[in-house]
Amino acid sequence: MKGVYFLASFLFLALASSFASASDPSPLQDFCVALNDTKIAVFVNGKFCKDPMLAKAEDFFFSGLNVPGNTSNQLGSKVTPVNVEQIPGLNTLGVSLARVDFAPYGGLNPPHTHPRATEILVVLEGTLYVGFVTSNPDNRLITKVLYPGDVFVFPVGLIHFQLNIGKTNAVAFAAFGSQNPGVITIAKAVFGSNPPINPDVLTKAFQLDKNVVKYLQSQFWWDNN
Amino acid sequence: MKGVYFLASFLFLALASSFASASDPSPLQDFCVALNDTKIAVFVNGKFCKDPMLAKAEDFFFSGLNVPGNTSNQLGSKVTPVNVEQIPGLNTLGVSLARVDFAPYGGLNPPHTHPRATEILVVLEGTLYVGFVTSNPDNRLITKVLYPGDVFVFPVGLIHFQLNIGKTNAVAFAAFGSQNPGVITIAKAVFGSNPPINPDVLTKAFQLDKNVVKYLQSQFWWDNN
Amino acid sequence: MKGVYFLASFLFLALASSFASASDPSPLQDFCVALNDTKIAVFVNGKFCKDPMLAKAEDFFFSGLNVPGNTSNQLGSKVTPVNVEQIPGLNTLGVSLARVDFAPYGGLNPPHTHPRATEILVVLEGTLYVGFVTSNPDNRLITKVLYPGDVFVFPVGLIHFQLNIGKTNAVAFAAFGSQNPGVITIAKAVFGSNPPINPDVLTKAFQLDKNVVKYLQSQFWWDNN
Amino acid sequence: MKGVYFLASFLFLALASSFASASDPSPLQDFCVALNDTKIAVFVNGKFCKDPMLAKAEDFFFSGLNVPGNTSNQLGSKVTPVNVEQIPGLNTLGVSLARVDFAPYGGLNPPHTHPRATEILVVLEGTLYVGFVTSNPDNRLITKVLYPGDVFVFPVGLIHFQLNIGKTNAVAFAAFGSQNPGVITIAKAVFGSNPPINPDVLTKAFQLDKNVVKYLQSQFWWDNN
Amino acid sequence: MKGVYFLASFLFLALASSFASASDPSPLQDFCVALNDTKIAVFVNGKFCKDPMLAKAEDFFFSGLNVPGNTSNQLGSKVTPVNVEQIPGLNTLGVSLARVDFAPYGGLNPPHTHPRATEILVVLEGTLYVGFVTSNPDNRLITKVLYPGDVFVFPVGLIHFQLNIGKTNAVAFAAFGSQNPGVITIAKAVFGSNPPINPDVLTKAFQLDKNVVKYLQSQFWWDNN
Amino acid sequence: MKGVYFLASFLFLALASSFASASDPSPLQDFCVALNDTKIAVFVNGKFCKDPMLAKAEDFFFSGLNVPGNTSNQLGSKVTPVNVEQIPGLNTLGVSLARVDFAPYGGLNPPHTHPRATEILVVLEGTLYVGFVTSNPDNRLITKVLYPGDVFVFPVGLIHFQLNIGKTNAVAFAAFGSQNPGVITIAKAVFGSNPPINPDVLTKAFQLDKNVVKYLQSQFWWDNN
């Protein structure tokens, strides 16, 4: 019985972890609903899925994108994502959404990249100054002021931002060409990584005094996602 | 000079046509802004693009998604697409949007497929009964009634529809995992093709009387896109 | 012992289901033979595979495509598929086959789509009227009458059909650019879904009387696959 | 006028060449019919296409796969390909066909690879001994004797062959997961390349006497495609 | 003659631009050698290619990766790229190289991303402190000190850097899973874009005093590529 | 208890095998570190991965590429691979490396293909005669003599080789556009497969006497990887 018990224990430990990866943009069946709540400690590129015969409408459903996000934070913005973590049915299907709320007078979705998706954004309310920067060597900044009903595109992997330059709240919906686009907030990733990057790197890279670098690395970096 | 003239004429003819195809979801540069207005009669998988140094903010921009579509038609619905035809900067970037308006009391976005994209839809106003049908052999119907803020997913290639079951207008935004998702409205493609399908095919396939088939083939089939 | 038993029970239940998905068209090893008969209730995009060292010739083999399918049914046709369900070695390899038999005088492979593959068909015997319909807005019908040795292509996702217009049996082989192309028979998916689609949707979409819709929804819809 | 003439001449030269490449397996429109007969000296990954509004049924059609190939050659086999070179409508659609004829008593489709496609083969007539070899380090040979109606799979990139071990002609249809699978006949590519490979390479690689290598390099290597 | 002249002029202007895009990682023919020097003002996803019959060994060749890069600059590093711009034969083939030289005592390849490729780096000489930061919300820093013969991987899209912490020059070779990986040097793209980003964005995003932001935006940002 | 024991035994057997496949070039999360040492007998396209929270620097690291490979063998060459088998963090990331050592006076990396990757090679020391052969029908040989600092490209799937034509050792680094490129050494796969290919196939294919074929099939074929 010992062998059985050992095996069972091993499996129990294995089953005690949780999933964290995303899913394939080329589905090989009608759908492959993610098992977000499974307890298996093994992962795949994307996510494991449930028996398709057990898929139900709720697997393809999310509620609450009409609720404003709380923008009472240092950036004055809040992203409400609707990707494969929120809708398991998005697994393998290559698309997702987000609602972005901005506080008046400067609410900011700070410079960031999505390593795995282009973003297309439509403004519902307010006035946004938005832009993206092309890659080296040109690093051209391409910007636009957007009003309700305006749509703008942020190509995959490029650094981009949105700033509320109006006196009222602003709201936008963003769609992504991936069920798990990923977010890298530049300032937070560079100055707020865990553990911190060697200050010699940041001092030389950003042409900053080392004391400023150390000060920045001691700050709190809010994640608005 | 004759040869020159001949060549020029040949090119002129060649330049007199227009583009009609879409673009690659795996960009090989920051972006590849489509040349929608070019006059070259040669096509590629996707679209030809302009010199990236000439790209400007307007290439990534569309205005007017706050304007309701006209739903005074036999289906009581109107789709306003924002894909690579409207935003040339979407070329190669694998994502697009649409606004869908529904008349009260039964405005319908009829059963259709997108051969090249999954759709994720968010309701802004109204009450929608939505659903999709899985492929053979099960053809399971998966449905949900959606209210403002609700999100639903329609997997790529599957037949789906949205019906306004409320007493007011309904509005939704839809995002697609392709810059050129394509639309095949089932009834229109089957009974309204040009030229018509041999009625023997439709009589047997739909278990309809041949007179009914011929009547349907003589009807007008509205394209709500 | 209770914990062990509980775990084992959980696993036993988990192992009691069966696979239903397909496999990746970009193999990352020589092959990845599908475990069609596994009892694991967890799925992936595509299928799990067996140890490649255990792969044997039978995993890449199917027998019987010389046997005519039984066309004694309401459509007068029968598809014999040879995809990843029949040949587990096709998993990840992105190709499959089918034999299609047609009864004389009108045997029909009714309008359908393959959401995940283009089809290329070669006629072995008989005379087929075949066609496909392009997507909106044009819905052009492109047709051809085929004789033995003729080949025709049906692009991925488009509605297409084949009708035996000869006085003898017809036989064709079809190849697909996917190990799991999927089939959506239009009439069956629309009028024979389970549960039925709200008749208001079909009445308006197909411009049919509601009684006709309800009659159609009560019919039996044969799946010729 | 000189500048004009120079330009025209440049273009004329440019237009005097012909296409030689294949097409993309992920279509971004319904289809993209190849311009096989164009005179442009510029190429793309895949092929340029014609105006989709000009596509016609013949673009998706090929005739003659019922005609036996001539096997009166040193290999006793003949492949009749039906890929994007024969059917321009296959461009971007990722699938193709071939008919393979074998002479009795040893007609051979010699060891070769398809660098861009898996092959699935169905036997129509005769008896074939077929096989493929896995990659290093194992180089396992997986073989099967096939009879009419039997199907076998040759995974992409692996060396494989078919030998007629019967007393009659043999015929098979093969399907490929690419519109341009490519063929590399091993012996011809190694010993019949143009110009020849340095004999030192082949002597050491094949453990052959240098005279044997030079003899082989002077032979005629039949291309059965 | 006027029409001819107009057309020729139009073409001349069109031909006066140059290519800037990259190429497809899924080749559809043996190779598709880029036309880097063409004068056509039209682009595709990737690059146009020359007639494959004209391809020659030099198209697949680059010389000089044994020459140290000049590290006498503010970062103390120099990247020598070997991608599709240097080797046109890399077009469509999905791989490229670079040599990276580092000055002693702190030569830095500053934090940057490659939006289209993972990097694998091997150290030839010297001692490098290298690292990358995972995406939100964790932003974990994963670092290692590398010596000659050591290899490290920087996953696609993640911010990473290399710092020479030794007293001698350091040299590394890097390989990329794209023929056009792209580079976004974080500090240069954010503080050195052209035109500058609205300082309100950077002040809030980086928690810096606006004067510091303006000072940084007035600095020169060296591109070590 | 018997059922439990049976299940546990089944699982134990299942867990006793090991992984052998590779990983997806389109990552769906930051990374997906391969579980090379797992004991699960089930595979996927690519490899299972560990919990991303447990990833550590060593998962992305390999040491020893500065150590010369032992070239004292019949080919006079040795390949030291650094792919997903050596660096589990390469899983899903689509790139890998190798060091190739050549003995003086004729050390040979014999004709072979990589079925899943293009190779880009840089010479560190020595003089190499390298080449590849295009596919049928042309089988053009494209060759170059390389010196230190020279770079050459071998397109995916094509037969290629490298020969040391100098009087000293030669060393090169090769990069591949796949984390699991695969190797098929032509002579070994054809004449050294296990079990041997029917000699009738090789006699006719290689235009060799059957005794020579049998002699070759009895030889030892060294795998330099």
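When the chains are written out, they are named A, B, C, D, E and F in that same order, and each has its own residue count from 1.
Following the convention adopted for this analysis, contacts are C-beta pairs under 8 Å (C-beta built on N, C-alpha and C of every residue); 3 or more make two chains touch, one makes a residue touch a chain.
Note that the coordinates shown come from a computational prediction; the quantities given were computed from them, not determined experimentally.
Common neighbours of chain E and chain F under the contact rule above are A, D. Shared contact partners of chain C and chain D, listed by label: B, F. Of all chains, the one whose Cα centroid sits at the greatest distance from that of chain E is C. The pair from E-F, C-D or B-E that reproduces the interface of D-E, where over half of the contact pairs by residue number are the same, turns out to be B-E. With every chain reduced to the mean of its CA atoms, the largest distance from chain F is reached by B. Between the Cα centres of chain D and chain F there is a gap of 25 Å.
Averaging C-alpha coordinates per chain places the centre of chain A 45 Å away from that of chain D. Between chain B and chain D the centroid-to-centroid distance comes to 37 Å (mean Cα coordinates, whole Å).
Residues of chain D found to touch two or more other chains are 4, 8, 11, 23-25, 27, 30, 44, 46, 52-53, 115-116, 135, 138, 156-158, 178, 182. With chains as nodes and touching pairs as edges, the resulting graph is of another kind, matching none of line, ring, star or complete.
In summary, the structure contains touching chain pairs A-B, A-C, A-E, A-F, B-C, B-D, B-E, C-D, C-F, D-E, D-F, E-F.
On the side of chain E, the complex with chain F involves touching residues 25, 27, 30-31, 53, 55-58, 60-67, 82, 87, 89-90, 93-97, 117-120, 122, 124, 134-135, 138, 142-144, 147-158, 173, 175-177.
Of all the residues in chain E, the ones that touch chain A in their complex are 74-76, 106, 108, 110-111, 113, 115-116, 129, 131, 133, 135-141, 143, 156-159, 161, 163, 182-198, 200-202, 204-208, 212, 216, 219, 221, 223, 225.
Interface residues of chain A, counted against chain F in their complex, comprise 3-4, 7-8, 11, 17, 20-25, 41-46, 115-116, 178-180, 182. Note for the complex: chain A touches chain C at residues 1, 4-5, 8, 11-12, 23-24, 26-30, 32, 35, 38, 40, 44, 46, 48-53, 91-92.
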